[in-house]
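In the two complexes that follow, chain A is the common piece, with chain B as its partner first and chain C second.
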Partner chain A sequence: MSIWSQPPGSLILDPTPTMENYVRIAGDGYYIRGLLRTLWLSLSTTAIAALLALPLSWWIVLRAGRFRGLMLTLVLIPMVCGALLPTLGLMNLLGPLGVINGTLKSLGLIDRSWKMLGNQTGILIGLVHAFLPLMVLPLVSALDRLPADVESAAMSLGANRRKVWRRVILPLAAPGLIAGSALVFCAALTSFVTPLILGQGKVATFATMAYQQASLVLDWPFASALAVVMLVILALIGAGAWGAQRWAADTP
Partner chain B sequence: MKLKTILWAALTFAVLLYLIAPIAVLIFSAFDDGKFFRFPPRELSLRWFRAALDSSEYRSALVNSTIIACLASVLSVTFGMMAALGLTRGGLRSRPAIEILLLAPLTLPLVVWAIALIQIYARLGLSGSFWGLLLAHTIIILPLSVRILMATLSNIDPNLEDAARSLGARPMRAFARTTLPLAMPGVLTSAAFGFLISFNDVVVTTFIAGASWMTFPVRMYSQLRGQGVDPITLAIGAMIVALTLVIVALGEARFKWSRRI
Partner chain C sequence: MHVKPKLTLTSALTAVGLTASIATAQDFSGQTLIVGTWGGDIERLLKEHAAAPLEEKTGAKVEFLLGGSGDRMAKIYAERQNPTMDVTFQNIYEAPQLLADDLVVAPDPELDIYETVWDGMNDGCYAMSLVGLGIAYSKDLVPEPPEWADMWKPEYNGMIAMAPYPSSEGDGLLGVAARLEGADEHDADVAFAKVAELGEPALTYTSLDEVFALMEAGEVAMAPMISGYVLAGLKEFPGIGFSFPTDPGPVLIRDMVCQVKNSPNPELAQMFIEYALSAETQKAYAEEIYFGPTNSTVKLSESAAADTINSPEEVESLLALDWPWLIEQRADWTERWNKDIMGQ
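Entry: the complex of A and B
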């Protein structure tokens, strides 16, 4: 339906095929800027999630032992609670009267609230929180395939710690890292509840624009066009991840 | 070497803390007495929990959510079981195609799907109705059910069922007495996950829910967008999260959930 159009001020659809909606996306700086902002946010989310997930997954697989189940349960929590409840907690954590600002203030470290809601910082914190499990779970299953003593084996052959990471652990974890990155990027790109609430309507991302068009403006053809743009980006990411997996499998 | 290990541990626990902090704050802030949450809190009370139990508006939203989540998870486990049986046992030649078709929605983002769905529902006249919501929720969780049940069934020996039938059991009875009990952990896992996902879904439901069938997350979401945090929603949210935690902890302890999904 993205190639249909809706005459202004009416809810009746005109089913003649037209590229008007796509021209509007490409021609209007608002949507292009929104798209770039969304891509940037998703990319940062992916990078931060990877940085946080690597040590955590490594610890869960090789060091946690008895506590493995408990730790994996903790990782699963943001996934099963849905998008909304953790976001509600984050609002109280990050708000001007929230836990972080309250603590910093009573310790005397800051005297004016550090603003984390209504801007990209808050959204980024929320997105990383929501989608970290998508990075941890593939990484854990990739690292699980490592023999338990791979680290000591490599070190007994004379490799130092950094070399073990670069030459042994990272290449073996690469499939999990690639899969996790693709999942997190796509999830962050299409999430709209987190940006809408933590951004307090002040930061428009591509998915929140699509939501507004579909639910509030009721311009469904235009919303569909925005959704198709997202799908195309996802398809590109999917193809890229597939290519990267092949490349990682071929490189010893 | 020793110091590095400690640093690693500290980093790991910082990440875990980041994962649970919002949930912990949510539960904690529900006990705050004031109308607006502030930290450090002035006084703790159960006031908002009492208000939550008294509010008929929220009660009806919670009942709606529960009904839809229960029915959707039963339906998706039933259809998911049929699909998984056919795919793992049926010897179909079209198996890969059907499998991809059934599992594909797992990778399709919900927003995109929801935008398509409101348009289809508007034409069918299903928008805002109970059946529309139930259908949508069943479809959201069906791929997950199929995936969990297929993994479960592929670990169960199909010869057991044949043996039961060679001893004279009818097909249904043979299935109910051999395969089904063995598949029970998978069935329960998929039912519980389906319930939680449907109960907590806000993305698809905000698009299609109407005023007559409002689920709790949607009510909370419109509240949040309109007036900000309402302490009553915090109290209900805290109870839902606590319940979710109990279910997940039991599931992990009993059925090793983290390995099944």
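Entry: the complex of A and C
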């Protein structure tokens, strides 16, 4: 369908193959910028999620003890709630009349709202919040396979804390980190509800552009072309992650 | 004059036709009429005033398919070889598009319902209700009911909320902006440049409550909004007003009711549309949700009359945009809106 078109003044599809939709995506800086913005948001989400998930997973595996089940449940909750509810909840937290702005205002720290919605900040907060579990779970299972005393063993051989992380824990957690990163990146790339609601129509990502074309402009062939571009990127990332996993598995 | 007798003859014939369809009413039991419309108050009003009497009279069942009008457009195009929906409610720019693509039954000038509707409004499908794009405003920040030009005052820069684009609200605002500069919507450069002067929208709203809460908090001063729902919703927000501007007047926006071509139940579909356009249904729309009647014979209570577009003079004062032309610009204008107005 992405190589079809609509004749001018009509919404009926013309199945004569044409590359015009792809030419439009490649030729217009707007769509390329949208694509780069989406990739950047997904990359930032992955990086932030990894930074938060590493210490959290390590703590869950090695230190949580009998709270481990509870912690895992807490981490999982955002995932089983779906995308919409947590996002609407975040709107109440981050909005101009939300809890955070309300607190800052009543403390007299600001007098006009601090904008966290309708920009990349809000979307990043939403995406990290939504997809952190996708990073924590593979990391927990990777770290779980380490012997419990690997840390003290390394330290007894003279490694300091930083060295233990850099030379022992990180390399051993690499398969989990790679799997988690691929999952978070793909989820963030295709995420639609979060950027739509928290971006308030001001931050266009590839998914919200496709939505606008499909549901509002009713240019279905062009929306399909946008979707195909996204699919190709996902396939490339999938292949990349698979390659990286093999490399991590082969590297002692 | 031989126009008059001809009209009477048509009406008489239609009356006979109607009686005939009522007489054969029992034949419809076991059939299900599918009506696509918006959820909430509209669904409720249609259930009470159109579906219930139709079911009682014909023994058929009426099922509602709820959602946005864009979803229904997609469904109609996807199912055009084999439609499942009989009646659909669309907006002012979708109806002519559907007729141009030959997917709906053209309004029939021979029918009574055609004639009761204000002249020239059955464009693509039958006109169902009249609303105008006016300005919702915070009474705190904007002391007098504003005119369009007031939105461009420097003190309100960046404090205007807007609906997502594409939408009738967005096209209406562009049409008004162009007129303030002495052009009209056909001059896209002027229209977009003027709207861009408003500054980045304070909010792109998806729900009315969102806008009203921010208006009460003093973060949003004004928002171009469609009368109707807004006026019904405003009764709970004393600090917010709604202005029907005069220079130019409010932008005419109307909902349309369409009979899908080659649908499974054409007779029932036409009967449903007759009920929807009846004075009774139209009066309920006006009294309960402030949607102005298209049926020129409806008599309204004073309070409903004040908040709806219902007199010939009011209809005359509305700004009519060139919707068929606007719909052709949709793809280009969406990109332009994203770039010039939303700054993406």
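Following the convention adopted for this analysis, the second predicted complex is superposed on the first by the 252 of 252 C-alpha atoms of A that agree within 3 Å, B and C clash if a C-alpha of one lies under 4 Å from a C-alpha of the other, contacts with A are read in each partner's own complex, and residues count from 1 in each chain.
Keep this in mind: a residue touches a chain if its C-beta (ideal position, glycine included) is under 8 Å from a C-beta of that chain, and two chains touch if they have at least 3 such contacts.
Since the structure is predicted, the reported quantities are computational estimates derived from the model, not experimental observations.
Q: Overlaying the two complexes on chain A, which is it for chain B and chain C: clash or fit?
A: Because the two structures are overlaid on the shared chain, the partners are seen to clash.
Q: Where does A:Trp242 make contact in the superposed view: on chain B (first), on chain C (second), on both, or on neither?
A: After superposing on A, A:Trp242 lies clear of both chain B and chain C.
Q: After superposition on the shared chain, which partner residues are touched by A:Gly118: those of chain B (first), chain C (second), both, or neither?
A: second
Q: Counting touched residues of chain A, say whether chain B or chain C comes out ahead.
A: After superposition, B is the partner touching more of chain A.
Q: In the overlay, answer first, second, both or neither for which of chain B and chain C A:Pro86 touches.
A: In the superposition, A:Pro86 touches chain B alone.
Q: Answer with first, second, both or neither: which of chain B and chain C does A:Gln212 touch in the superposed model?
A: second
Q: Between chain B (first) and chain C (second), which does A:Leu97 come into contact with in this model arrangement: first, second, both, or neither?
A: After superposing on A, A:Leu97 lies in contact with both chain B and chain C.
Q: Examine A:Leu74 and indicate which partner it touches, taking first as chain B and second as chain C; both and neither are also allowed.
A: first
Q: Counting only touches as set out at the top, which of chain B and chain C does A:Gly201 meet: first, second, both, neither?
A: both
Q: Check whether A:Leu137 is in contact with chain B, with chain C, with both or with neither, and answer first, second, both or neither.
A: In the superposition, A:Leu137 contacts chain B only.
Q: If we overlay the two complexes on their shared chain A, which of chain B and chain C does A:Trp220 touch? Say first, second, both or neither.
A: both
Q: Please write out, lowest number first, the residues of chain A touched by both chain B and chain C across the two complexes.
A: 97, 201, 214-215, 220
Q: Help me check something: in the complex, which residues belonging to chain A touch chain C?
A: Result: residues 8-13, 28, 30, 33-34, 96-97, 112-113, 118, 200-204, 212-220, 222 of chain A touch chain C.
Q: In the complex, go through chain A and note every residue touching chain B.
A: 1, 52-53, 55-56, 58-59, 63, 69-78, 80-93, 95, 97-99, 101-103, 106, 129, 132, 137, 140, 161, 186-187, 189-193, 196-197, 201, 207, 210-211, 214-215, 220, 223-224, 227, 230-231, 234, 238
Q: Within their complex, state which residues of chain B touch chain A.
A: It comes out as residues 4, 8-9, 11-12, 15-16, 18-26, 29, 36-40, 107, 109-112, 114-116, 118-119, 122, 193, 196-197, 199-203, 206-207, 217, 220-221, 224-225, 229, 233-234, 237, 240-241, 244-245, 248-249, 252-253, 256-258, 261.
Q: Can you list the chain C residues touching chain A in their complex?
A: Answer in residue numbers: 68, 70-71, 73-74, 77, 80, 97, 100-101, 164-167, 200-201, 203-204, 213-214, 217, 219, 328, 330-331, 334-335, 338-339, 342-344.
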